[in-house]
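I am attaching a structure below and will ask some questions about it afterwards.
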Amino acid sequence: VQNVRTVAFIGLGIMGRPMAANLVKAGFDVAGYSRRRESAEDLLAAGGRWAGSVTAAVRDAHAVITMLPDSPDVEAVALGPDGIVRNAPSGTLYIDMSSIRPDVARRVTAAGAARGLRCLDAPVSGGERGAIDGTLSVMAGGAAADVDAARPLLDALGATILHVGPAGAGQTVKAANQLIVAGNIALVAEALVFLQAQGVDVAAAVAVLAGGLAGSTVLTRKASSMLAGDFTAGFRMELHDKDLAIFTAAAREARVVTPLGGILAQLTGAACAQGDGRLDHSVLMRVIQRLCGPLP
Amino acid sequence: VQNVRTVAFIGLGIMGRPMAANLVKAGFDVAGYSRRRESAEDLLAAGGRWAGSVTAAVRDAHAVITMLPDSPDVEAVALGPDGIVRNAPSGTLYIDMSSIRPDVARRVTAAGAARGLRCLDAPVSGGERGAIDGTLSVMAGGAAADVDAARPLLDALGATILHVGPAGAGQTVKAANQLIVAGNIALVAEALVFLQAQGVDVAAAVAVLAGGLAGSTVLTRKASSMLAGDFTAGFRMELHDKDLAIFTAAAREARVVTPLGGILAQLTGAACAQGDGRLDHSVLMRVIQRLCGPLP
Amino acid sequence: VQNVRTVAFIGLGIMGRPMAANLVKAGFDVAGYSRRRESAEDLLAAGGRWAGSVTAAVRDAHAVITMLPDSPDVEAVALGPDGIVRNAPSGTLYIDMSSIRPDVARRVTAAGAARGLRCLDAPVSGGERGAIDGTLSVMAGGAAADVDAARPLLDALGATILHVGPAGAGQTVKAANQLIVAGNIALVAEALVFLQAQGVDVAAAVAVLAGGLAGSTVLTRKASSMLAGDFTAGFRMELHDKDLAIFTAAAREARVVTPLGGILAQLTGAACAQGDGRLDHSVLMRVIQRLCGPLP
Amino acid sequence: VQNVRTVAFIGLGIMGRPMAANLVKAGFDVAGYSRRRESAEDLLAAGGRWAGSVTAAVRDAHAVITMLPDSPDVEAVALGPDGIVRNAPSGTLYIDMSSIRPDVARRVTAAGAARGLRCLDAPVSGGERGAIDGTLSVMAGGAAADVDAARPLLDALGATILHVGPAGAGQTVKAANQLIVAGNIALVAEALVFLQAQGVDVAAAVAVLAGGLAGSTVLTRKASSMLAGDFTAGFRMELHDKDLAIFTAAAREARVVTPLGGILAQLTGAACAQGDGRLDHSVLMRVIQRLCGPLP
């Protein structure tokens, strides 16, 4: 396997921007592309290059990374006429780090393989903070050899890099991750609204809950901002809602029944329908509060 | 406040037995009572005494502790004609550590107060392990002065003692705790069944889930036994089902709407209806599995 | 069996008032009692009498009917020291037509039987309209001979009188009735909100839905007022919410799992928490609308 | 508008077969096509013709009707290279009577319009019985003039023909229909399992339920076969499950929150996962029964 030095990075949003910059800092030659040129400023400041198009970005790259909002975006950039699969040289490592539908990931991998690309689906958790600090968790699906080849790149982006199975497995694990996170937020929201309604010392209650079997990262990190009504993003509710749609569709396809997943997708949908889609996903708290009457 | 030396301990079950023994070890004079005399063996071995009845146990005690299965048990032992409230001397500290309905806890406290007792509701989390090791978490509801008076006793039983509010508040927090725990178990179950159905490396997946925002004590402690199909109790499903009934009733009384609580109470009820009530509460996994077809 | 001529009627609310008057019209001698004397005006105008107390009402009656809001009301009036069971003569036919918990109905029947009363639980459906028109449906639980003895009375109140089983069975069937009604309202609400959101001709849609397998009495009677936002009671939401609590508790006791029942009890609770408890139960529509954003 | 005499009918399944035959009986010249030639036997017996391909069928038709299982089937037959849109003459009336996604219906209509076709989405309710008897309910979306032009055809197939809105509206109404039908079945199932568990006379109970506000076509037509455990299709569970997936996706797209829809899609998915997808949709009863323990 050739050494990866030149990397095309497509999608310079909240997550992609710091990730691309971290690759530059780790010594890679990074050619970035995004829909709007302004998005590349951080990358240029860090020492990266602007590629005028996807085609230009991938033509000479040893590896291509995409970090895009949703399945149709990846389909367009990966499979479109000016896209990665048709324009990257055979042998290129293509790592999609977006959170998309597992079946789309498998389709992209198959299309890439047919042109000699080595494809991974490698979505992440850890949020903007983890992207900036290079401490993301990466769940990679694909061939073991390709995960190994990608490791120098992934090590520059994350603290935990795990190969979780064949093509699509990364997205499958990410979907499960998003189920649990949404569920934990909703459970904490129900518990907090319940406790607040009854004159309990909620701070003391959260302390005792966090110390036992009810403990969770969501409870530790999110309960106090939820109690304070602070829902500044963070991870946008509308993206998490999209992820729940991915989860429920993937579960349905796999004939897996998920009662909590079914109701959670309704609650995340409610948060978006109520106009809170651009706030942090912990705004699920407001859905529960509104079910109990008008917000103060 | 007089010093507490003599303690009546009513209810020597899986939890009560090691708790009573820990009080003896901490230097208290413990008179125990339970429905069956055999249940007192550990207490006697530790150096405690057998009291032939509730009345006999509480007559000369500075403090009374009850650790009973359900609300009607506490009502009978606390409020019955031969019970604590009618037979304990005025000024006695009465600590109910059972997990029961908050409204019953408030009723017991009111009845006790009318006879000069100082009552606390102080349910625990931490399970049999925490009871044996004296590392329970205690969530106490009642007057602050009474919590202070009880602290020497509670310190012999738990590692975290928190005063969470007025009478009933301990039970309210415990109910919230049980909501979150059941919810986390069910979410992990749905995620694991989903991952298993799709050829993912589930052990790697659990590792990456546990390290991010999806992390929880349930995931860390329970996922591997759930994957192995090992549901030996542990905390019995039927007790957790009772707790969910307490939560949903208390939420309803407080006009708090809890969509996940509503569906979770159905799932815990299903586990019991399916004959798994005496297994560990992580057996919720089987409810999800059975929804997907017959178990192998 | 002696002929029933004199009837004590306890509970002259929206339902009880016209029912008592219908008994007078059918030729019975009716002594009424309610918490507030004003409630008896219709009965007096129809030719009935005012009884100053429950005790006075039942002392000389051949039959006693109660029509009260909730289980605790029936417990007080039936089982209290001045209540029916202690003061009605042995052999009296006691028919509780309230909608209450099946276990309370069974308890009342047992207590009555111990004093020689012949007890029936005979809740109704058909609403205020059916009470006025004497076209209620009556679902009676108890001994067949007692249902036969009660038939002349019940025929004055309802169009359909069915013996559905032993003591408590009437309430069990009523609970099932309320599950289905709440569920049909919620389903119609979800369907209407869905159709309104998409530029469909909703009136035409309702016509086609009503004509096929989706047809229901709720759709026929309620859809147009729901679309018009007209939620004047009717059957009060808060009473239906109470009935759902009865259903879920009875289902739990019988180890019957009801996913829709569990979520419906949350939705009826939400309607009450949102301040709409005194409106018609079709106001469930607003819970669905509010989940989709602020009401216009 | 020219008179419709020649009709191409694509899709001769359980529904399509009798529908095509009814068109012949009404005097139309029908050229049928289906994947398997055997499916055309009824049509040929009735006096229709076999068309060797979609292209051949539509080339000389005044109107084209499709009756296919799912969205991808319609996409292939309508939009594929040998499909309707590319091969039917400009001005042809194209009526898709399948139950598919509203967004696909709108896409087909737009593609057809671009080639001069007049397209309707006109799904039906009423089942195999209604197809045979020509008493289907038809919910038509599209231009009013095109519905009028189609009326002679539709009158040969159904008893109720309603224009419910623009392109896609027919499918939207059908999706709402399927939500209500699945919900009514599940509610009746929960009620029946609940009543059976408690020694109620279930036949009497169903009679009284059917006569009041709980009454529905599902209760009248399905309760007795459900009680008898008779789930011979009828309308296949797996098709209804597909329809619930259409409903939840369309609701999500329209930002409409449907808690019952969310949980119902899980229950229909469970029925299929449990291996009952080819039975009648009333087999939802078994999902509820299995939640309560193993089936006898």
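For the reader, a short list of remarks on this structure follows.
So that you can tell them apart, the chains are marked A, B, C and D in the order they are listed, and the count of residues begins at 1 in each.
Everything below uses one rule, namely that a residue touches a chain if its C-beta (ideal position, glycine included) is under 8 Å from a C-beta of that chain, and two chains touch if they have at least 3 such contacts.
Quick caveat, the model's predicted, so the values are computed rather than measured.
When chain centres are set by their Cα atoms, the one at the greatest distance from chain C is A. Remark: among chain pairs B-C and A-B, A-B carries the greater number of C-beta contacts. With each centre defined as the average position of its C-alpha atoms, the distance from chain B to chain D rounds to 52 Å. Mean C-alpha position of chain A lies 38 Å from that of chain B. In chain B, the residues that reach two or more other chains under the touch definition are 255-259, 261, 263, 266, 270, 273, 291-293. If you draw each protein chain as a dot and join the dots that touch, every dot ends up joined to every other dot.
If you check the complex, the residues on chain B that touch chain A are 102, 125-127, 137-139, 160, 162-166, 168-169, 172-173, 175-177, 179-181, 183-184, 186-188, 190-191, 193-195, 197-201, 204-205, 207-209, 211-219, 221, 247, 250-251, 254-261, 263-264, 266-267, 288, 291-293.
Against chain D, the residues of chain A that register as touching in their complex are 245, 248, 252, 255-259, 261-263, 265-266, 269-270, 272-273. Interface residues of chain A facing chain C in the complex, by the touch rule stated above, are 259, 263, 266, 270, 273-275, 287, 290-294.
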